[in-house]
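Labels run A, B and C following the written order; every chain starts at residue 1.
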Amino acid sequence: MVSAVLEVSGLACRRGGRRVFDNLSFALTGGELLALTGRNGSGKTTLLRALALLVPSLAGTIRWKGADVHDDRENWRAKLAWLGHQDGLKGDLTAAENILVAQRLRGQPADVDRVAHALSAFDLTALKDRAARTLSAGQRRRVALARVVAAKAPLWLLDEPLNALDAPAQKALNEGLTRHLAEGGLAIAATHAPLDSARILELGA
Amino acid sequence: MADLHFLANPARFRRFSQRVLPALWLVTALALVIGLYWSLVIAPPDYQQGDTVRIMFLHVPSASLAMAGYLLLAALGASLLVWRHPLAALMARATAPVGATYAAVCLITGSLWGRPMWGTYWVWDARLTSFLLLFFLYLGHIALSRAYDDSERGDRAAAILAVVGAINVPIIKFSVDWWNTLHQPASIMRLDGPSIDPSLLWPLLWMMGALALLFVALVLMRTETEIDRRRLEIAENQD
Amino acid sequence: MGFGALFLRDLRLVWRRPGDVAVVLAFFVVATVLFPLGIGPESNLLARIAAGVLWAAALFASMLSLDRLFAADYEDGALDLLLLAPWPLELAALAKCAAHWVVTGLPLAVLAPLIGGAFGLDDRSLLVLVLTLLVGTPALSLIGGLAAALTLGARRSGALLALLALPLCVPTLIFGASAIEATATGEGFWVHLAILGALALMSLATLPWAIAAALRQAGE
């Protein structure tokens, strides 16, 4: 039995006095993908934001390799790669610049090779010098996913990663996920569509 | 399913305030009647200012209480930010308009007093100008706390503003005093002298107490309303 | 590292759209030019009100440009990336305000003596004008930055931002303008400038924390 890397126990969140979820517990080991499913408003996004400590949780603990993540928030944030509901791209920067800036904002030196690799994985090499505002919604989503891949983070938190993606892009995402998991990484994705080899946690059931 | 657990504390507050409020209103009314009679009828007119001095009995206490009210607002804001105390947010919502009203009373009585003394309703006197700015700080707080669809966000944003504002109040006061001496070197007649006759001091202190009671009663009453309003909001948001 | 990256990113974003800065500077010029037109071209009067007019216009110009400071990041989701960056959010707040100062406060300080000259200020007053703007506008960027962070996602956020920030800017305005007036009347301006510097340092020491708190609650 492999011991869990990420342990969540008894997590509870409220918004506007309304209970979003209560007493939520799960554990993930290296190489595991957790798919959060459930209807709209069942708290998938809130759970992702609570895991990233963007939203305070009312009760419960989040442990990474046994240590409570609240004790060292900056260290915890260094472990996360985030894909939010919005893409988080600056329209006036090019696709490549967006990813390079994101790397530097994470306190890492800009790794041009890694960025080029991530861009080509999502078939963006031809678009890399186009300003992000000129890209289509699906293309922007791909840039945001390339940013996640380039981030060198052990835990990916993805909110609806398949949104606006066409079939080749979905395949690229699945390949990227597979590679990330094979390297011992973890991923949690809120999604409606099925993802390969994912464990499923249904919220609001 | 209604989930009102987080209001447990406010519910206890509500039971408490419902028991206290009737008695508090009675004491407040009594204190105000006595204080007004004392300051408007019994207290002697000032030898320089005549009966105009009676405005002071309303002006000075409302100024002090408007200032104290802002400090209360900052304390409530800090306790919301640090302990996430839901009652603090509701009480801050209740306090801000009361404090703003006291600041407005201070400004209005100040300018009424200014008419016979200075010959005009408004002069850029240091005290009046600082209270005008305090009034603006209150307005900002009220507007910010009500500017969000999600009232809890408004609560937290206004709490941060109140804390920063309270740190800035003495700085604003200092800079306005500086500005005033720079531009108006001639000393203007002050509304509160350092040596005040006891026959005026006692009714002044009494009015201070009475208006403080009124402040507390209004805040408690408004907090009850805010609790009810928040409950309704939550009930509406349930699916 | 992260601080520099964010600072340079914001400068680069402005560089790609220089029009946004130009509009703010144009506003500053147009607003100040309205005063001689409204009051009349009498040079004594203009020289006397110049300090107040220029400082108040600088204040409005910085407020005008502040409402996009965090709003753009809030709307496109880049704010989440800042909130999740593994270094203090207080530094991110400071980096954004510093970038704002470089593209508004600094150009305003460069532009102001041209207009001050047209208002009939003497050379010494013009020098003090530049000094006060250089020392005082960082405080305006920080105060306005707090107001911008507090009004993220609020209704009528532009007008609200001004209502929140302007009372807090009063001390800076008073000492900025009075330093110039003190020079004109032959008094020393150093006391005013020193107090102005103290105000700016105080903003620098306290406001990044308040802005970070405001950004965190906006991200919730």
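Basically, a residue touches a chain if its C-beta (ideal position, glycine included) is under 8 Å from a C-beta of that chain, and two chains touch if they have at least 3 such contacts.
All of these numbers come straight from a predicted model, not from anything done at the bench.
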item: Central subunit by CA centre of mass proxy; value: C
item: Chain whose mean Cα position lies farthest from chain A; value: B
item: Between chain A and chain C, centroid-to-centroid distance (C-alpha), Å; value: 37
item: Between chain B and chain C, centroid-to-centroid distance (C-alpha), Å; value: 31
item: Separation of chain A from chain B, taking each centre as the mean of its C-alpha atoms, in whole Å; value: 48
item: Residue numbers of chain C (touch at least two other chains); value: 220
item: Shared-contact residues (touching 2 or more other chains) in chain A; value: 56
item: Partner chain B, residues of chain C touching it in the complex; value: 146, 150-151, 153-157, 160, 163-164, 166-168, 170-171, 174-175, 178, 181-182, 199, 202, 206-207, 210, 213-214, 217-218, 220
item: In the complex, chain A residues that touch chain C; value: 49, 52, 54-56, 74-75, 77-78, 80, 82, 84-93, 97, 101-102, 104-107
item: Residue ranges of chain B touching chain C (in the complex, touch as defined); value: 81, 133, 136-137, 139-140, 143-144, 147-149, 153-154, 156-157, 160-161, 163-165, 167-168, 171-172, 174-176, 178-179, 182
item: For the chain C and chain A complex, residues of the former touching the latter; value: 1-2, 4-6, 9, 12-13, 16-17, 72, 75-78, 80-88, 219-220
